[in-house]
Amino acid sequence: MTDFSAAIGSALSLVIGFDPVLVEIIGLSLYVSLTAVLFAAIIGLPLGAAVALFSFPGRTVITVLLNALMGLPPVVVGLVVYLLLSRAGPFGVLGLLFSPTAMIIAQTVLITPIIAALTRQVIEDLWAEYEDLLRSFGAGPLRALPTLIWDGRFSLVTAVLAGFGRASAEVGAVMIVGGNIDHVTRVMTTAIALEVSKGDLALALGLGIVLILLSVGINGAVFVVRRMAEQRYG
Amino acid sequence: MTDFSAAIGSALSLVIGFDPVLVEIIGLSLYVSLTAVLFAAIIGLPLGAAVALFSFPGRTVITVLLNALMGLPPVVVGLVVYLLLSRAGPFGVLGLLFSPTAMIIAQTVLITPIIAALTRQVIEDLWAEYEDLLRSFGAGPLRALPTLIWDGRFSLVTAVLAGFGRASAEVGAVMIVGGNIDHVTRVMTTAIALEVSKGDLALALGLGIVLILLSVGINGAVFVVRRMAEQRYG
Amino acid sequence: MILHKTNRPPILPLTLDNVSFEAKGMRLIKDMTCTFEAARRTVIIGPNGAGKSLFLRLCHGLLEPASGTVRWSGPGAKSGNGIKRQQAMVFQRPVMLRRSVADNVGYALKYQTISKEERRDIVQTVLQRTGLQGRAQQPARILSGGEQQRLALARAWAISPEIMFLDEPTANLDPSATHAVEEIIQAIHDSGTRIVMTSHDLGQARRMADDVMFMHRGRMLEHAPADQFFEAPQNDLAQAFIRGELLWWKRGKAKTENSDQRNRNI
Amino acid sequence: MILHKTNRPPILPLTLDNVSFEAKGMRLIKDMTCTFEAARRTVIIGPNGAGKSLFLRLCHGLLEPASGTVRWSGPGAKSGNGIKRQQAMVFQRPVMLRRSVADNVGYALKYQTISKEERRDIVQTVLQRTGLQGRAQQPARILSGGEQQRLALARAWAISPEIMFLDEPTANLDPSATHAVEEIIQAIHDSGTRIVMTSHDLGQARRMADDVMFMHRGRMLEHAPADQFFEAPQNDLAQAFIRGELLWWKRGKAKTENSDQRNRNI
Amino acid sequence: WATDNAPFITVASTTSTKNSGLYDYLLPHFTSETGIEVRVLAVGTGQAIRVAKSGDADVLLVHHKKSELAFVAGGYGVERFDVMYNDFVIVGPKTDPAAIKGITDVSVALNQIASSGTPFTSRGDDSGTHKKELSLWAEAGIDVVSQSGAWYRETGSGMGATLNTASGMNAYALTDRSTWLKFANKGDLAILVEGDERMFNPYGIILVNPERHAHIKAELGQRFVDWIISAPAQALINAYTINGVQAFFASAAAS
């Protein structure tokens, strides 16, 4: 039990003390995960929408795959990205391994299926409702897409948020491709893992509390904005 | 590139060869994750339904919390469970640490918010549709609950599946509380992490492919069953 | 037309005393006072948005009044909780449970104390009378709009309620189906069920009503025996409504001056 | 009532040649052949489930026929893609975009080539005429059922289509609103728009129709000028429908023997 | 991650070295002298060698001499230099159910652990420490493979994680001294066996062969190798203490 109070104490002192190392780590965590979410959204939103709107052979298979890949093991993703980016691998010349870029790539791979699968559901439901009307206006799926994305924006934000939650919480992928190098690729989760391996469980837990608070804060903020906007636009 | 062909080769030989060690590991993985899903469902389904159906002070806060905790970092969960179960911790006398039971507890903590949050959404949507009718028959939320769970069963299965995907893919929590002890607590993901640290990437990737196939298989099966049932019951 | 005998004591009459209802800060139902006794058919008419559906929900106990009381004063109401089991409601937009057509009716009967065999008989009878027998095993949710409305009626009818609330039960039906549904409602009433329904079809109101309630902007402006009401409504808005005049339509143009003035007079 | 001038060449007449439609292995529309020329009002009547809504969708190009052709043969149809911009449809169950009432109309205009100022004027005009001006800035989805139906009409009207399909445009409206909507449809028609609508209200059909189509079980059994049709329909099922007889109701009881026989005769 | 434009090298090393805090103490000296940033990748020995073989690191600094020599012999590295050594110790519960406290012959101690059946946590991850431990068991004449899952627990993870496991289940474990000194979650554990020279733990440094991987920063890497085996750096290593205890002993031939 002393561990817990020590953990809460260290969490508090970390936050209140505005520890510069912690600030750096949180900054990198946010930079990596937010960038990954950005790319995953750029890929996942249109991909999910395309699967929702167009019928093509293999559509069912892709739907099942997207759902299944929501549970992609981070370690495996890390490994694949590692092999691709390693000097011995096909993209080795880029020299990206053990850089924030590599971590962004791995997290993007990890969460793109999540965003795509949830987007597919949202856009499919909305298209079921709007299809007749928009087709009546003369719009096919392609022309309807901006409207669907705009009108489904609140639900899509939740999809993107789910991706962010997953990215910021995972350690397996960023550990392998980032290497948890001090001041270069150390993020919240790898820092926690490091403190665990040093046996400094209180500090690890303190960092964990900070990470969870960050996630709760972002979710809470989005929830409030969404509620307000929903009440305005129905 | 040779790594990938080697990986696929080793995945194939692992699966075809019916390697007894692999069978043991897959068996433990399934045992741990399925048991965790069972407990998480037992807690998460009623919890989510309760948040959906009853109004009480703090309901909004709990809703936001459940959503945020969907992205609970596995390492932090592992750490907390470790501290609780360790000899020095409050439940130390039970001697559960580094046993499959400890892993089940950690995964249950990890995925209960996922199942609860998704359940809340499903039950809330269904209740919005059914409330007037069921109240007209004389049923309050409590009496309506079995009907709502039964009529929402297809969507609830998806919620449970999402929990299973998360549980079977994570490594952070089971590594800390299970310890990846050979023949005792080694599951797919910790075995992959071990092979990575040994540098045997082909074997790690092979295991990863087996894990992903497992997940795709389960999702595909559930999808087919759901499609068939939906066509029957509308 | 009595589907199963109940020896439950009656819960009627139903009395509303100065009932009002609010949502989102607006008073949507204002100062409703009335009594429903057994053995009559009341038809509620009024323009869109008058509050007819809200009123039925208040009576049925689905909404809590902001002020005033809704009270059942028959001997059967003493026991308390069972009151809902002796009422039924057919909603304006029918809700279909994700079950077969027959199971939708069967589900409603689960809340009653009826033996299994009796239950099966009742399901068969009501489906046959509403023309749904051929669709008994289909999922209810793929029925057409009109068929769904008939299933909702069958479901309410099955529990042999003492009082039945019907919210525009024929809005989506073709003329002949409308006629058939009117006959069924008549038969239900003949078996002793109190009918309270809304309608936009003044012809239907004339055919079905023993007495008529006219609602406008959340208020009951007139409540009179049907022949008396249709011959010469007392209220000027009711007169205008019967003549087919627009009570709210030109609000946008006329800046509500007219209707506001009228409201003040009420 | 002309909201904006288009110098687009006309796309009418519309010709359906032996059109049929299938879903889930059932033939729901069978052997439809007809031509819609400009400047008339057609009202389609028939029992629930006859296929009226499917027919309108086929005409509007929302459904692909399983066999037969749907062809626009006016000079404006040559260009191809723009055909939809000269038609509009009001659905039986209106779809509200998640925008304000005004933006719902404005959105429809985005698919036309109209200047911004003109667009604003049109939005204002149609909302005023449908009694929605006071609600222009409200979210469309919290409107009452009747108001939603009027917004759908306003939205279709705004694009000044050459032909307008209306699927039971007054089903949820109170009598006076029904009357007002009929007047608007009349005004739209007066400005040169071809009207094709369905209705369960035979009185409305009498008031609105230049010619009447009677549908039953996916077939068009009669197509005649309105006065001729209402005086003496040629088809026996149409006669029965006008008399208010149940064409399908007793299927469950009578085991479809009657209607099947009739069908064979058609 | 601000030092994007500064020259840097990547050193593949082991978690235990990293966790000892030695790099945090040592590397700033090198960086301030040369302006070269050193990025330490701390992974298992197997993975470190693997990373270096792929050319994803410029310098390898690990502690398993046999693998290191094989690495050079295979043409992956240029040359191996001794850097320093520390030693392994056996830690275990203070209650010491196998009664090994104070024993100086590691084989005797291991035999007593085996016969007492008290849990022993092994890293089981093919790391340098793990390989060392296996050779000690072999010298003691005990077949641990058959006991895996019983009292012999292979954790398949890093030194810290293995110590966390030992601490959580009150088990014995073999660890390098420096990791132990830094380790914060000691719980009820203490050093019980130390001092046997068979528990000697030598570290070596190797520049990855630029002939195999053209992008290897051979010049910068060589400067790091030269620096670490230079007299001043070796003196710094000897001066490094954890909790007042000297953690590493310099051993470069040059010093």
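Details
First chain written, first letter: the chains are A, B, C, D and E, and each begins at residue 1.
The rule is simple: contacts are C-beta pairs under 8 Å (C-beta built on N, C-alpha and C of every residue); 3 or more make two chains touch, one makes a residue touch a chain.
Every value quoted in this text rests on a predicted model; they were computed, and no experiment measured them.
Looking at which of A-E and A-D shares more C-beta pairs in contact, the answer is the pair A-E.
Centroid distances from chain B, each centroid being the mean of CA atoms, peak for D. In whole angstrom, the spacing between the mean C-alpha positions of chain C and chain E is 82. Note on chain placement: the centre of chain B and the centre of chain C lie 47 Å apart, centres being C-alpha means. Spacing of chain B relative to chain E, judged by their CA centroids, is 36 angstrom. Counting only residues that touch two or more partner chains, chain B has 82, 88, 176, 193, 196, 201.
Those residues of chain E in touch with two or more other chains are numbered 43, 51, 158, 161, 164, 167. Every pair of chains meeting the contact definition is listed here: A-B, A-D, A-E, B-C, B-E, C-D.
Of all residues in chain C, those touching chain B in their complex are 57, 60-62, 81-82, 84-85, 87-89, 91, 95, 97-100, 107-108, 111, 139-142. Listing the residues of chain B that touch chain E in their complex gives 82, 85-88, 97-98, 175-176, 179-184, 186, 190-191, 193-194, 196-201. Remark: chain E residues 43-44, 46-51, 121, 124-127, 148-149, 153-158, 161, 164-165, 167-170, 187-188 touch chain B in the complex.
Listing the residues of chain E that touch chain A in their complex gives 1-3, 10, 15, 19, 24, 39-43, 51, 53-56, 158-161, 163-164, 167, 182-186, 213, 215. Interface residues of chain C, counted against chain D in their complex, comprise 46-49, 92, 127-128, 131-134, 144-147, 171-180, 200, 202, 241, 244-253, 256.
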